[in-house]
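Once you scroll down, you'll see the structures, which are given as structure tokens.
What follows is a pair of complexes built around chain A, which joins chain B in one and chain C in the other.
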Partner chain A sequence: MWSVEIVEVEVLEKDERNVRLLIRGVDVPFVNALRRTIISEVPCMAIDEVVMIENSSILQDEIIALRLGLIPLKTDLDSYNLPQECPCKSEFGCNLCRVTLTLDVEAKEETRTVYSGELKSENPEIVPVSDKIPIIKLARGQKLRLEAYARLGKGKNHAKWQPVSMCTYKYFPKIEVLSKCDACGKCVEICPRKVLAKTENKIEVRNLMACTLCQDCVEVCPQNPPAIKVEHEEDTFIFSLESTNALPPERILTEAIKILDKQFNEFEEQIKVEKGEES
Partner chain B sequence: MKIKTLKKTSNELKIEVEGMGHTLCNLLQKRLLEDENVDLAGYNIPHPLASNSIIYVRTKGNVESKSALLKAVEKTREMNEKFRKEIEKALKKI
Partner chain C sequence: MIIPVRCFTCGKLIGDVWEEFARRVKAGENPGEVLDSLGIKRYCCRRMLLSHVEIIDEVLRFYEEAEKRKEAKVYY
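Moving on to the complex of A and B:
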């Protein structure tokens, strides 16, 4: 049974895009709720509407619009509202729920590629995460002029609003080499992650964290029953997250926790007022 | 989030919740099942595209299902809160 005291978090790795955590004392439904919330509920900015002013390229307006939508934008969650929560209540949006980006390009001399860096944003904070995302190739004389509106949205409505390119967890492995092992070395050879190592006449676990629980080492062991056991801890997880750079990874985590909390508060309130007449 | 009561007896509660999918239901079910007063707890999502769920709780009779549900929500929030604190602590360390 779970109790609060045992929850423990350790940051294994962190840079501006990735974070890898070791979480102890929680269970699968919890880490899974965290993962699902990050993927489908944490909002970020993406281009949602495009007004084509001129398009003489070979691609249809819709395809260009889709490509623009999929460009991750740096997001500022504190200054912008979700359109449905914005006080303006307008379909078109206002300064608090919409950012306008414009693109005005022409291939004057020769064929050229248009990159995300050429999008001009009205807010210098809300720009593509990279300047080098190709949008379209234009031949000589072709023009593209458009106005694009970026809004906050959630991954559950479209993948372009997903703040992460990857978010997963795995069980923390537990490997045990039994005393009857004769150090034949077969398990060391087969392990795809180089978790095991042979020292003199013993098998040592060198890199436990890298183990994928594939069980290859157990299957290859010539002894019966195998002299090596690979299991996992029930309450310890390695949680990895890779941001698209729309938001810093730690912000994604704290935002997800906030959203979970908000949803449970809302549910609690609803339950409390539940009167119980059958409807 | 909106709740509709489908069935209520002295120890049973069946509600339909609008806007609650697997994410929260699964977590809640797990916490409910850890409660020794709860006899049965489950949920069902009738349509995979609509995030409406039906939650069913039956207690062993000594407590109301509603209070068991509230207790489970409380426990979940507690875990969430503890996790938030731990993660802030861990992020500060690096």
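Moving on to the complex of A and C:
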């Protein structure tokens, strides 16, 4: 059986878009599962179907539809269902699994840019994260009228449904300067991330977090064996995540844990069923 | 043709900063510094803006000219 150890999480940085966590007491399979769940399983809202009513612009319908799909929309996970889980069972969708956005623009006077802010949503909560995304440019007399349907979806089906634009982890570095070091300063010079610093007759680790474990400092050390050792902690990771702003980063994390939990339970159930069948 | 909505590689939204980027670079600022101040950190996203050419402006000129001609015909 799998023994549960104490997992410690420390928030290193956080703003409305990014989080950087220090996670202690887990292994690679776990953090990687968390990363993959965030990328491919946490749902968010994106335009999925577009009905073109009129398009006399110079971009084809498909290109405009693709551009609309890629616009990240603010997502409300509590009031909407995934289309395949919605009780309406309809392919077209209902109020609980679909949001309609409309666009009706015309260049009357001169050439103009149409921005994402001009999309009118039936739900004022589900709107593009930025009002300034150019959708298309229209010359005078050109028109674009369309109706777009946004749905919840998962990153494994299309990247537009990924709630993050970056989600990575790296090992927590461990740097040790041995006593035989003569402070020649070569390692300080070569380090691309300015991790090390020289003070009088000692080498000091200034910015441990920035180390990429590239081992340049070890290779450059004139002593044999090298007087500096760069390793990584086995059970500590720096986990960074950048949201597309569709969901707040902390919500993405809690949602991912919930999904992971559900999948583990389902997996356990399946094993139990199969064992039962065997005996 | 027109600035992509997201970075091709990582999927970060970059369409919304294009106009400010283009304006400031045209005004003579250093493109790298503009990107830093707009919070575009990764080089995949930076190349999206740095290497972009807004061809749609060139294509639209034909349509603008056509409109002008139509107008001139009506006038005379």
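Just so it is clear, the second predicted complex is superposed on the first by the 270 of 279 C-alpha atoms of A that agree within 3 Å, B and C clash if a C-alpha of one lies under 4 Å from a C-alpha of the other, contacts with A are read in each partner's own complex, and residues count from 1 in each chain.
We take it that contacts are C-beta pairs under 8 Å (C-beta built on N, C-alpha and C of every residue); 3 or more make two chains touch, one makes a residue touch a chain.
Everything numeric in this text was worked out from a predicted model, so none of it was measured.
With chain A as the common reference, the superposed partners chain B and chain C fit together side by side.
In the superposition on chain A, contact of A:I58 is made with chain C only, not with chain B. In the superposed model, A:R36 lies in contact with chain B only, and not with chain C.
A simple residue count on chain A separates chain B from chain C, and the partner touching more is B.
Of the two partner chains placed by the overlay, only chain B lies in contact with A:E250; chain C stays clear of it. Using the contact criterion defined above for the overlaid structures, shared-chain residue A:V11 touches chain B, although it does not reach chain C.
Rounded in steps of 10, the angle chain B-chain A-chain C defined by Cα centres in the superposition reads 150°.
By the touch criterion defined above, A:P72 lies against chain C but remains apart from chain B after alignment on the C-alpha atoms of chain A. Nowhere in the superposition do the C-alpha atoms of chain B and chain C come closer than 20 Å.
Applying the stated touch rule to the two superposed structures, the chain B and chain C interfaces on chain A have no residue in common. Of all the residues in chain B, the ones that touch chain A in their complex are 1-8, 15, 17, 20-24, 26-27, 29-30, 34, 66, 69-70, 73-84, 86-91, 93-94. Within the complex formed with chain A, the residues of chain C that make contact are 1-7, 10-13, 15-19, 42, 56-57, 59-60, 63-64, 67.
The touching residues of chain A, when paired with chain C in their complex, are 58-59, 63, 67, 70-72, 111, 113, 116, 129-134, 136-137, 139-142, 159, 162, 164-166, 242, 244-245. Across the complex, chain B is touched by residues 1-2, 4, 7-11, 14, 21, 23, 26-27, 29-30, 32-34, 36-37, 40-41, 250, 253-254, 257, 260-261, 263-268, 270-272, 274-279 of chain A.
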